[in-house]
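Reading through the structure tokens given below for one structure.
A, B, C and D label the chains in the order they appear, each numbered from 1.
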Amino acid sequence: MKKFVNDPADVLAEALRGIHAAHPELRIDTENRVILRGEPTREGKVALVSGGGSGHEPMHGGFVGRGMLDAAAAGEVFTSPTPDQVLAATQAVDSGAGVLHIVKNYTGDVLNFEMAAELAAAEGVRVESVVVADDVAVQDSTWTAGRRGTGTTVILEKIVGALAEEGADLDAVAALARRVSEAGRSMGVALTSCTVPAVGHPTFELPDDEMEVGVGIHGEPGRTRVKLASAHEIAKLMVDPIVHDFGEPVGPAIVLLSGLGGTPLIEQYLLYGEIAPLLAEAGVDVQRVLIGDYITSLDMAGASLTVVKADDEFLRLWDAPVVTPGLRWGA
Amino acid sequence: MKKFVNDPADVLAEALRGIHAAHPELRIDTENRVILRGEPTREGKVALVSGGGSGHEPMHGGFVGRGMLDAAAAGEVFTSPTPDQVLAATQAVDSGAGVLHIVKNYTGDVLNFEMAAELAAAEGVRVESVVVADDVAVQDSTWTAGRRGTGTTVILEKIVGALAEEGADLDAVAALARRVSEAGRSMGVALTSCTVPAVGHPTFELPDDEMEVGVGIHGEPGRTRVKLASAHEIAKLMVDPIVHDFGEPVGPAIVLLSGLGGTPLIEQYLLYGEIAPLLAEAGVDVQRVLIGDYITSLDMAGASLTVVKADDEFLRLWDAPVVTPGLRWGA
Amino acid sequence: MSDAVTTDDLVAWIRAFRDAVQEHRDELTALDSAIGDADHGSNMARGLDAVVAKLETPPASPAELFKTVGMTLVSSVGGASGPLYGTFFLRIGPALTDPADATALGAALRAGTEGVVARGKAEPGDKTMVDAQLPALAAWDDAVASGADARGAAAAAAQAAEQGRDATAPLVARKGRASYLGERSAGHIDPGAASSALLFRTLSDTLAARG
Amino acid sequence: MSDAVTTDDLVAWIRAFRDAVQEHRDELTALDSAIGDADHGSNMARGLDAVVAKLETPPASPAELFKTVGMTLVSSVGGASGPLYGTFFLRIGPALTDPADATALGAALRAGTEGVVARGKAEPGDKTMVDAQLPALAAWDDAVASGADARGAAAAAAQAAEQGRDATAPLVARKGRASYLGERSAGHIDPGAASSALLFRTLSDTLAARG
């Protein structure tokens, strides 16, 4: 395993140490492994709390800051955080206006956030939850734990964070979060496996001439394994199921093409050069686009595409100022 | 080779297509492979032109925009651009106030930019050049082509871009560029080789238990190959030669820890957690820090550390607004 | 009554469960690599290490023991298995008489599994830990009905859990992370079923060792 | 004069150089992988393909030919080899009589190498293309002094260039990207010296084929 690590058991604690050193504007609750804004939540502002397994950086800790999250609970690598962690985050940022939990739809995340929400409610904190389930690779959601939550989470955190910053109340914030969540679809492709530090070897074996289509961000195998294809063909494998899943014409949209951690930017741009015309052809009118590593899967070579159907409110809030380690503009 | 590519010969042209699609605020001169700001250079503003081989994204094209570069010439992968490209970039952005060429110290870059500067001068454009040579891995510069230019380039482009934006003249801009260049030192470590798309296999073979210390950003082998070490030990291998090379106490500094393309952010933060205390111990007073993929080497797993001794002017200009795909704040 | 299971026995069980999970840690992770995300071994090992650390202060009763075990798992494991195993133990405690005979212990274990089902909504055949637990409980009750003591019931349960574990292999997962794989999840044993088989095997071994 | 080298011969040489570089492309890149950045083969191949495309319109004179070759290499190769090989050809043209005998061609080639040295400041033994070119020029002059015609001189030069190429192996690089390697550059042939050996070998082959 070729990684910058010491004892694999210490990866999370030590990464938090680095985040602390690099971002004096944030606070780190070392014991609970929670990343928080430097300032307490403004009176009356609804707080946004997210979290999940580590290994997806900059998500979520890198999205803590003005205009986005108030706190993020960092689980072990690929393991959702515990209720204690989420509760600590929730209590630390509640100003009395309530807290929105942003949860990606994995059994572990859902159960742990659910328990945390129950505990927080018992402590008198008003909590609403939104569960993001945007991964179209999971086709038959009747027979599964439902779709996984992936890239839409990033876009949701930005948009809803902006509304919370404007002072909207918890119901309005939660309602918007659900609207964004429902407007998003994602699809990922892996060219290689990732390697979990505590395991020390790749999660799955992928022959040199194959790739995983519909891979999950935890390095779970995808729906199908196919022959390695050109960027042009891969773009189709990503765009088609998303467009098909929307069913209706998409129109204006916010698009995220995220590298999964081991794919350099030059390839991401090349891939986007193939994706853009396909989206246009399919009637997706790309209003805003982000390209880079925003939701990753450790060192996996691959990419995920997210399309969020966007109305004017989404776009206005998208453009609002944001100041976080992972996303910054307007300030 | 597991990459998002079509024909490896088309990587650069197709990546530029993606950049064009993703960044409507920029202009792309497709024929000359130059990335330019959307707006012509403001009357009286000195223009900054950089460039180099591709494969280091976001450098340089991702640093084109307000407060940083005016244009970047993109060579083939790991091959410096030709004089024609640099000339086209230079002529396109000169407002009459002259152009600063920011060149990394590699024979190819130096020769091609030199020829371009001669051609531009013949066309009546005033050109000044700064050559960045900050890589302390190259010890004996008397017997080499001199030190390579690496991470200091990014910091220089930001700081000097801010001064140019303020309306300083070419001499002042060039003088500041030389000051920044002299204030910077870098050191890189590779855990794996990169794979050049046109080659299709790794540039060098690195056994599972070894790493390259002092690797170049073109995947050139480093100065020494040693046993794979812990993040703690690697941090020392990066910090010590930099601090030693400064010789004098460093004091206030701007620090960049850049992933080389295949190293995920969680590892970069973990590594920085080891670097930060070592810098503090050595008397480096880190005033600003950037962590992420800023100067890469295709898909290489590895990282490079850059320390720029910073005075108040550097810090003021660092904090000035910048709006580029790769670096953005204050606007 | 020689059938009585004491707090000490139960503490010994939890310690044995930790040791078994540590021993099979890489195996559990390998199972989770095939159809999940390669962390079930480290998740369970981390949680049970934390549990055993807490047991330095010996619990006074089974109720206290299982509250500690459950709470510690919930707060140190994360993932799907943290809340599910946590709930399992949290539900056992209150349902247990002290000391417990085979019938009482069987009822308490059933309360645990019912907690897992209530939390996770898994049905039999969904390819989860429940598919090792339910057959174990059924075997337990059968053994008790045939006159077995706790030791005998636990032995029968362990064997049934292992059969249940193995029977998850051909199933297509419908819960948890493996469900995303659809048909491709078939052909692999469920990691949670494997750790649950260890749970019953170590209970049986502990009661057997006690003589 | 049977010794006279014509524009057509020189065009044939450049085409043959392109073909040889294409044929040895991976080899040149492999040499550059060992002590550089694995692009010398593709750099030279790309540049010479562009050159040959330009030669669709046949040049009227050696001067025109080499201006086209030099400019095209400069504007399509990049890297260190673009300006250096570009300068080489740009300097040959003006120095050449038309048609040229062995002496004139030797002088023109020398002007080319002097251009490379002027641009790149490499000294003999720095482990660069110059270490193949200088011995080739010396051998050329010796052959001419012994009465050889262009064909004979080119044959001697090609052999000397190949010896020069091989002799770069033990050297420690002091110019170009390989110099960063220090002592570790020893033990590998310089890629630019290898392409320069092809340059002289194809000249020799072209003149030999002409009969």
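Convention: contacts are C-beta pairs under 8 Å (C-beta built on N, C-alpha and C of every residue); 3 or more make two chains touch, one makes a residue touch a chain.
All values derive from a computational prediction rather than experimental measurement.
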Centroid-based (C-alpha) most distant chain relative to chain D: C
Chain centre separation (chain C, chain D; CA means) in Å: 75
Chain B-chain C separation of Cα centroids, rounded to whole Å: 55
Whole-Å gap between the CA centroids of chain B and chain D: 32
Geometric centre distance via CA averages, chain B-chain A, whole Å: 29
In chain A, residues with contacts to at least two other chains: 77
Category of the chain touch graph - line, ring, star, complete, other: line
Touch relationships between chains, expressed as pairs: A-B, A-C, B-D
Contact footprint of chain A on chain B as seen in their complex: 2-6, 11, 14-22, 54-55, 57-58, 62, 77, 191-192, 208, 211, 228, 230-232, 234, 261-274, 276-277, 289, 291, 293, 296, 298-299, 301, 303, 323, 325, 328-331
Contacting residues of chain A [partner chain C, same complex]: 53, 75-85, 106-108, 111-112, 114-115, 137-140, 143-145, 148, 196, 198-199, 203-204, 216, 218-221, 223
Chain D residues touching chain B - in the complex, by the definition given at the top: 29, 33-39, 42-43, 46, 74-84, 119-120, 172-182, 184
